[in-house]
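Reviewing the structure listed below.
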Amino acid sequence: MANNNMAALLKRVAAQQLSVEDALGQLDDPGFVDLDYAKVDTDRQQRTGYPEVIYGEGKTAAQIIGIIQAMVPTHANILVTRVSPEKAASVLTAYPEMTYREDAQVMTWQQTAIAKTAHTIAVVTAGTSDLKVAEEAALTAEAFGNTVSRVYDVGVAGIHRLFARLDVIREAQVVIVIAGMEGALASVVGGLVDKPVIAVPTSVGYGASFGGMSALLTMLNSCASGITVVNIDNGFGAGYSASQINHLTENDK
Amino acid sequence: MANNNMAALLKRVAAQQLSVEDALGQLDDPGFVDLDYAKVDTDRQQRTGYPEVIYGEGKTAAQIIGIIQAMVPTHANILVTRVSPEKAASVLTAYPEMTYREDAQVMTWQQTAIAKTAHTIAVVTAGTSDLKVAEEAALTAEAFGNTVSRVYDVGVAGIHRLFARLDVIREAQVVIVIAGMEGALASVVGGLVDKPVIAVPTSVGYGASFGGMSALLTMLNSCASGITVVNIDNGFGAGYSASQINHLTENDK
Amino acid sequence: MANNNMAALLKRVAAQQLSVEDALGQLDDPGFVDLDYAKVDTDRQQRTGYPEVIYGEGKTAAQIIGIIQAMVPTHANILVTRVSPEKAASVLTAYPEMTYREDAQVMTWQQTAIAKTAHTIAVVTAGTSDLKVAEEAALTAEAFGNTVSRVYDVGVAGIHRLFARLDVIREAQVVIVIAGMEGALASVVGGLVDKPVIAVPTSVGYGASFGGMSALLTMLNSCASGITVVNIDNGFGAGYSASQINHLTENDK
Amino acid sequence: MANNNMAALLKRVAAQQLSVEDALGQLDDPGFVDLDYAKVDTDRQQRTGYPEVIYGEGKTAAQIIGIIQAMVPTHANILVTRVSPEKAASVLTAYPEMTYREDAQVMTWQQTAIAKTAHTIAVVTAGTSDLKVAEEAALTAEAFGNTVSRVYDVGVAGIHRLFARLDVIREAQVVIVIAGMEGALASVVGGLVDKPVIAVPTSVGYGASFGGMSALLTMLNSCASGITVVNIDNGFGAGYSASQINHLTENDK
Amino acid sequence: MANNNMAALLKRVAAQQLSVEDALGQLDDPGFVDLDYAKVDTDRQQRTGYPEVIYGEGKTAAQIIGIIQAMVPTHANILVTRVSPEKAASVLTAYPEMTYREDAQVMTWQQTAIAKTAHTIAVVTAGTSDLKVAEEAALTAEAFGNTVSRVYDVGVAGIHRLFARLDVIREAQVVIVIAGMEGALASVVGGLVDKPVIAVPTSVGYGASFGGMSALLTMLNSCASGITVVNIDNGFGAGYSASQINHLTENDK
Amino acid sequence: MANNNMAALLKRVAAQQLSVEDALGQLDDPGFVDLDYAKVDTDRQQRTGYPEVIYGEGKTAAQIIGIIQAMVPTHANILVTRVSPEKAASVLTAYPEMTYREDAQVMTWQQTAIAKTAHTIAVVTAGTSDLKVAEEAALTAEAFGNTVSRVYDVGVAGIHRLFARLDVIREAQVVIVIAGMEGALASVVGGLVDKPVIAVPTSVGYGASFGGMSALLTMLNSCASGITVVNIDNGFGAGYSASQINHLTENDK
Amino acid sequence: MANNNMAALLKRVAAQQLSVEDALGQLDDPGFVDLDYAKVDTDRQQRTGYPEVIYGEGKTAAQIIGIIQAMVPTHANILVTRVSPEKAASVLTAYPEMTYREDAQVMTWQQTAIAKTAHTIAVVTAGTSDLKVAEEAALTAEAFGNTVSRVYDVGVAGIHRLFARLDVIREAQVVIVIAGMEGALASVVGGLVDKPVIAVPTSVGYGASFGGMSALLTMLNSCASGITVVNIDNGFGAGYSASQINHLTENDK
Amino acid sequence: MANNNMAALLKRVAAQQLSVEDALGQLDDPGFVDLDYAKVDTDRQQRTGYPEVIYGEGKTAAQIIGIIQAMVPTHANILVTRVSPEKAASVLTAYPEMTYREDAQVMTWQQTAIAKTAHTIAVVTAGTSDLKVAEEAALTAEAFGNTVSRVYDVGVAGIHRLFARLDVIREAQVVIVIAGMEGALASVVGGLVDKPVIAVPTSVGYGASFGGMSALLTMLNSCASGITVVNIDNGFGAGYSASQINHLTENDK
């Protein structure tokens, strides 16, 4: 509870406008719904600007439905990531209003209309195999109201493809670069743009790519400045951070 | 060379206002000064919004001076990171206008005045031993014109220290969280703020911290959203990216 | 064989109350039942205070049944961990008295009544996906007679959930903290309680969590004091150690 | 601030016994002394039962002195770990009341008398080279009022040495086992005692011991139950946790 | 676009032989076919001497067919690696002209005749289990017009088998050595021939071979000179590089 | 070819008893049968004392049968390791004289009688789950004529089980110690016997056992002397080396 | 000894032109000079095309001098790598004809004139700090008679610097790309040239560069074809292999 | 205490030839000398056939002298490994009878004459830089009475050097192969001899040799049979195990 609120509450107690019991009740308001197997964070939107996002992996369909049920009354927009087709089918039965994108394993439900940003987020991939992660990033960003431009398969093995799309990339306010194997694309883009770059290593590759380790290290050690990194295959995280950054200027308007 | 410029150049050639030789010369303009041991990137400010920053490690004092020499005519503001006291002494003899901060191993020279940002960047550390990295981040951000607020030693072993300074952190437009050992502070801060968080793992620790690996993995795997990560001990990188983000709103004004 | 026993035995031999052959026989008493594929440690309860616990992984149902058969005559309470549903079905056919909890993959059989402890062990998890490990810990502790309080899904992404349950946690005599991904919860709890904390990293996560490595390193490098760590996903080990600690005060009564 | 205190405070505000400003002041009481480079956690003893312990590595002598200065008024007993002889000399000049043990790199100052525990903590090492870590553990435990018994150099290469001292180890309420190289001693002791075992891997060894990694993995994977593990060379952490456990029965008295 | 071409283009613009729009069009010629999910690099043959090779893993059969479709008009010879039998069946339905070699998981289509090299590439394996990788290398090299000699199962456990085939190996212009487990064969061959050796570690092995890591490190640390290394199981890469080297002398003819 | 043989051959050439062609033919005698996919090492028994052993993993049943076919005429005793039940069935159809032990995944065929050794090899395991590796070791040793004594499930969690069988172990001429998890048994045995100990780490375990890495490091770093180590799960290798050592005294008789 | 030579020798024995003793002597000719601490490989030039190169690290100055002494009579050109200034001083005292390049830690002595190649090897670095490794590569190549063109500091952070020098790189017959940090330059160059690329990762970097591991993995996982890799910092190895490749066309002339 | 001894002791107690107190005293005989910082294992020779060997690293000169002092009365032959020249000087002052070999960092003192073995142990190294480890192995073996033959610098880069010394190696009863870098020599030797091979990886190398890890993995994964491995740089361990094996036949005589 923020300090201002506390001062207000104390004043109301001092003015006998609020009983001690009610004041304690307000202080005790947990800010979450307790489902036993989960404590749904209903306070998150106020605290971080975004509602809780449901990470579908390791949860049963029943658990996902339960959490959605707890969120529906808050009118929050609902985003579920890493949902297998089987789980999605169950969830869709319970909530046919939801949309499922199998290629990205993402479910969304826009309960409350949300304005599109003026600025774009560019989602750039090195190869075709990075599309799953890219769409997770793009759909996440779109779920939070961002305008997204997709630039796919412009890896450094044919760097002219990147230069041919550089204008689109440079127009964006934030750039998400997604690459597996050696992940060199992040450094190249980083050296060519004047906007923040969020790099996403993917597990695409074999042998000494060690499940994305190679691309991760590449991106962390980039000789180009202005690059920050998220976990391997974490398209959601990149979309989320990019949205935060992209909305900074929206908020100013 | 951007496409617009190319169209302009072609038009001038077509109009005989520019000879083929001169046009080729302009196209050949390398955008760098070649010092043999280094190719100083004089085009970088236009391309990425910031002049080249000199990474002092692995360069001799003479090489650093040579690169500064090549940059002086461009009126760029000069920032040198990872400069040992010995090298700094030599550089200061050549350029007494420069400032050296030994605790951060950073040299700066503001050749051209630069406006301070309205919004702040918060630099937050878990412990006292993270100060060196924190100051590299803070001085980098300040060298690029950002207002910085420092919140040091608020690690989770005494989490009330963090809550006591949460207001300062929440006022910032970007938050840099710096932590060694287990690096848990990044996740806690990430769950409490609605602005982008850049996490910097440090090599502070011993045993199974493996030179910062532990904190790095912690930050990459954070259960909180909105966190991106830079290399171990990379205060500069965090300051640079934070500055890019912080200037997005400045540019809009 | 303890020294006191040896003195007693020698005295009886000297007093001709015990023949040399019988004395050697007692010394030769192996303290285990030899099943060829296993040597069931029937001496363990006396030595360590707890009967042998059967680790179900890598054993066939027939082997598990054989070991139970060897333990039944000792009236020991039986605990089998990591039992798949298939193996459990076979064991239940042989010993219908046993109880199987599929979510925790644990079988129990309380042959001998055991008093409940006055003090509690708190089992705390960061997320919903940590429940399997948490229940292995809780059921282990309960099998050894401990009172257990469960506090699930209070990870640091919404730290107010933890504070809302802090009273329950602080009432416990030992706290087990279970977390995957970056495992930061252990450090936060460690800084807030005055009782021993046993941290269990889980393999929940993806990418650079490296099968639980990330959470393991976090917990080993915790900046908070009073935290000890067990193997990844080792709910049993945490429950066992917590029981040992929790019974210290019971024994004193 | 605990809930009970909050109720009391609100009642006093409602009864006009406390002004809103003073109530806010109490709520704002940070529980730490802010030294700029450090926020000394003066609330820790109440929260965790122990005062803040100063980790000397990575702090200057001046910083250590400054933190001691902030703690002296609280009458807390002072413990500084990982202090080099040079730093210790400076600290001793400022506080000659302190004691320095160079072999363990530990400084102590018992400002307030503290009762010795009835039960002992056994500190057991595999080899002679583990003594530095062992003394850090033992001195930490003693600084918190524990009775300590030392059993050194009883590694498994000559396991009869361990059996010869088993009585001393079995008398303890908590056992700390310290070993480098392959760290097998922890498993052997764990199989022979009925009390909690805290294992400390050390960096003693060469080649594939990888700076203590080998002993760490051994201890985490122990086939014996009842073993929890701390970071490599973390004698302090083991002594601290052992003290917490050992005092459980003291508190009950 | 090479500099010479740029001069020619500028001259034609200056001579009004080419409009500004057409010049920009030529400059804008992307050198790729944009399939949305892929940007097929039609410029690669001119740039690197070889057409784009399709990496089949992580692409659907439909995507592979689409890329082939884009390449057919360029008359490039088509090579697809890592194609499972299922995908191959689909591709063969669309393009029955193609050939599939299941043991190597490679598809080829020689649209344009290509001369065989005078010199050979030797493909040498340590064991029988390395054949899959070896055939990927051999078929790649043959697809690019090289004459290949195969020498299989001559690992160092029976080094006389290698000496018995040394003549064939020494006749080659480039030698590809393929080995799993400890990968020692590369060093032995490297010490016996005077031609470039390309070493391919394979994932054949178990335990501490760590998926090919052991053979990879062996080859990188070879005490013999003249050995370069490609990724684990990267038969294609070895065949490609060997072809580049082998054609150097062809080009000179 | 050994030097003595070469001298003999040269003398026969000089004496015209052997033509140059025939001499070259003998020098060219490859000492292997070339099956294209394999070069069966028929010279190995003379060189190393043992015939080639067929490693079944990664070979088809047809390839295994082909290699056996090439070995039958040499009257060598045949040993195939790592044979799945499916492959074994095929091989048994071709060679019903062979014996298959599914628990050890080993096939044997004693074509030529072989004397049993006077001395024994002891095969000792820490747990029940190590039996598969143990039987691979034991069957390998027995296939080479060794007398084997098995001592299973005597891990250090109940060390009295080991002491109860110490006599059997001490009677052996070579001791094979097989353990997963933390692998401490090897050090304990190494400190108690005066004969060579060969340690086999197994992949039994979970979490931070990292597929046998933990036990491997333990055994390599053993504080006990006289221990050498083979690859993870390499029961065959241990049985082979133990046989070599055990036969040293047989050869002397 | 090659087969042809053996046939010739046998014929001379058969013709009584060579005694058995002399024949054996020739067969026994070891092809090395035995210095006790080293066996100098005097046969290597004939076998591999190059004389033995002396690896200076881990050898004393006296040992280096001894090996040179053994090589002088063969008129081989002498190359010593990794020579510290101190050792170089001693060697220069013994052999003042030698040349020492401290920046590359390389000593050379061209005893026999050697023709310069018509084609060039391009040595390309990403940064200024890679110069030491680059010069080791360049001097090695020059010692073997190659024409070398140096292109330094053209890393991807300012990729226009690379394009500005692309002509020089494309003219070469072999390209050596040297880079630390994330090592992305190798992939970019690989996508732009039609000649073999040898990539050298360097240990330049900090934090998660792990001593060159990051650049090494990048290069092994390159999405561009035609790249082979040598050990971290192995400038010599790259120069050697490049020379082998570059001389293929020279040999044809 | 062995069972036979126990029976004898019990009989003497029963026959009143031994008092209970004396019997307990004999049972209590610790078999070590307790020096506080060390428990010198005086029982080891009887148990393992060899006296305790002093590992000098991590012990002070005073501690080493103290342990020697405790061993002198047992007439054991004394071996101290890893002794720096400084410590050796101190020890030599106390015990001038000792011999110090600085290149191997080994001290020896043959208090009791010991017969030389009839069979030899061959110590084989790949390079000149492996000599330090080789001499530790050779001196250890010689201290235990073995005849040793040294074959140095016969690595696979010039494999003819190995073949030239194969006779000496084949005459040995045990072969120790010592190699750094890629460690391929062990596999090659393993494929050529019929005696046990003990492989010692050394930390010689750089870059991806990772301090001996590369050679260690090579040796563990060897495709040749009959190879067991000790820790990186563990010359002592190899010499010790080789001596155990070599004495098997001696004991039979």
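We call the chains A, B, C, D, E, F, G and H, going by the order they appear; numbering starts again at 1 in every chain.
Keep this in mind: a residue touches a chain if its C-beta (ideal position, glycine included) is under 8 Å from a C-beta of that chain, and two chains touch if they have at least 3 such contacts.
Chain-to-protein mapping (UniProt): A, B, C, D, E, F, G, H = PurE domain-containing protein.
These figures come from a predicted structure and were not determined experimentally.
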* Indicate the lowest number of steps between chain C and chain E, counting one step per move to a touching chain. => 2
* Structure fact -> By Cα centroid distance, the chain farthest from chain D is E
* Same vs different contact residues, chain C with chain H, by half of numbers used -> same
* Structure fact -> Given that chain B and chain H share one sequence, their CA atoms superpose after a rotation (degrees, nearest 5) of 180
* Name whichever of G-H, E-H or C-H reuses the A-D interface, so over half of the contact pairs are the same residue numbers. => C-H
* Which chain's mean C-alpha position is the greatest distance from chain H's? -> A
* Structure fact -> Between G-H and D-F, more contacting C-beta pairs sit at D-F
* Asked: Quick one: chain B and chain C, Cα centre-to-centre, how many Å?
  -> 50
* Asked: What whole-number Å value describes the gap between the mean CA coordinates of chain D and chain E?
  -> 59
* To do: State, to the nearest whole Å, the distance from the C-alpha centre of chain D to the C-alpha centre of chain G.
  => 55
* Would you please write down the residue numbers of chain C that are in contact with two or more other chains? => 3, 28, 47, 127, 157-158, 191-192, 207-209, 213, 216, 220-221, 225, 231-232
* **Every chain pair in contact, whichever chains are involved** => A-B, A-C, A-D, A-E, A-G, B-C, B-D, B-E, B-G, C-D, C-F, C-H, D-F, D-H, E-F, E-G, E-H, F-G, F-H, G-H
* Asked: Which residues, counting only chain G, touch chain B once they are in their complex?
  -> 128-129, 131, 152-154, 157-158, 160-161, 164, 204, 206-209
* Structure fact -> Per the touch rule, the chain A residues reaching chain D in their complex are 3, 6-7, 10-11, 13-14, 16, 19-20, 23-24, 27-28
* Touching residues (chain side chain C, partner chain B) in the complex -> 126-127, 155-159, 181-184, 187-188, 190-192, 205, 207-210, 213-215, 217-225
* To do: Report the residues of chain C in contact with chain F in the complex, numbered from low to high.
  => 28, 30-32, 36-39, 41, 43-44, 47, 52, 57-59, 63, 201, 203, 211-213, 216, 231-234
* Structure fact -> In the complex, the residues of chain B that touch chain A are 3, 47-50, 53, 167, 173, 190-196, 198, 216, 220-221, 225-232, 236-238, 240-241, 244-245, 248-249, 252-253
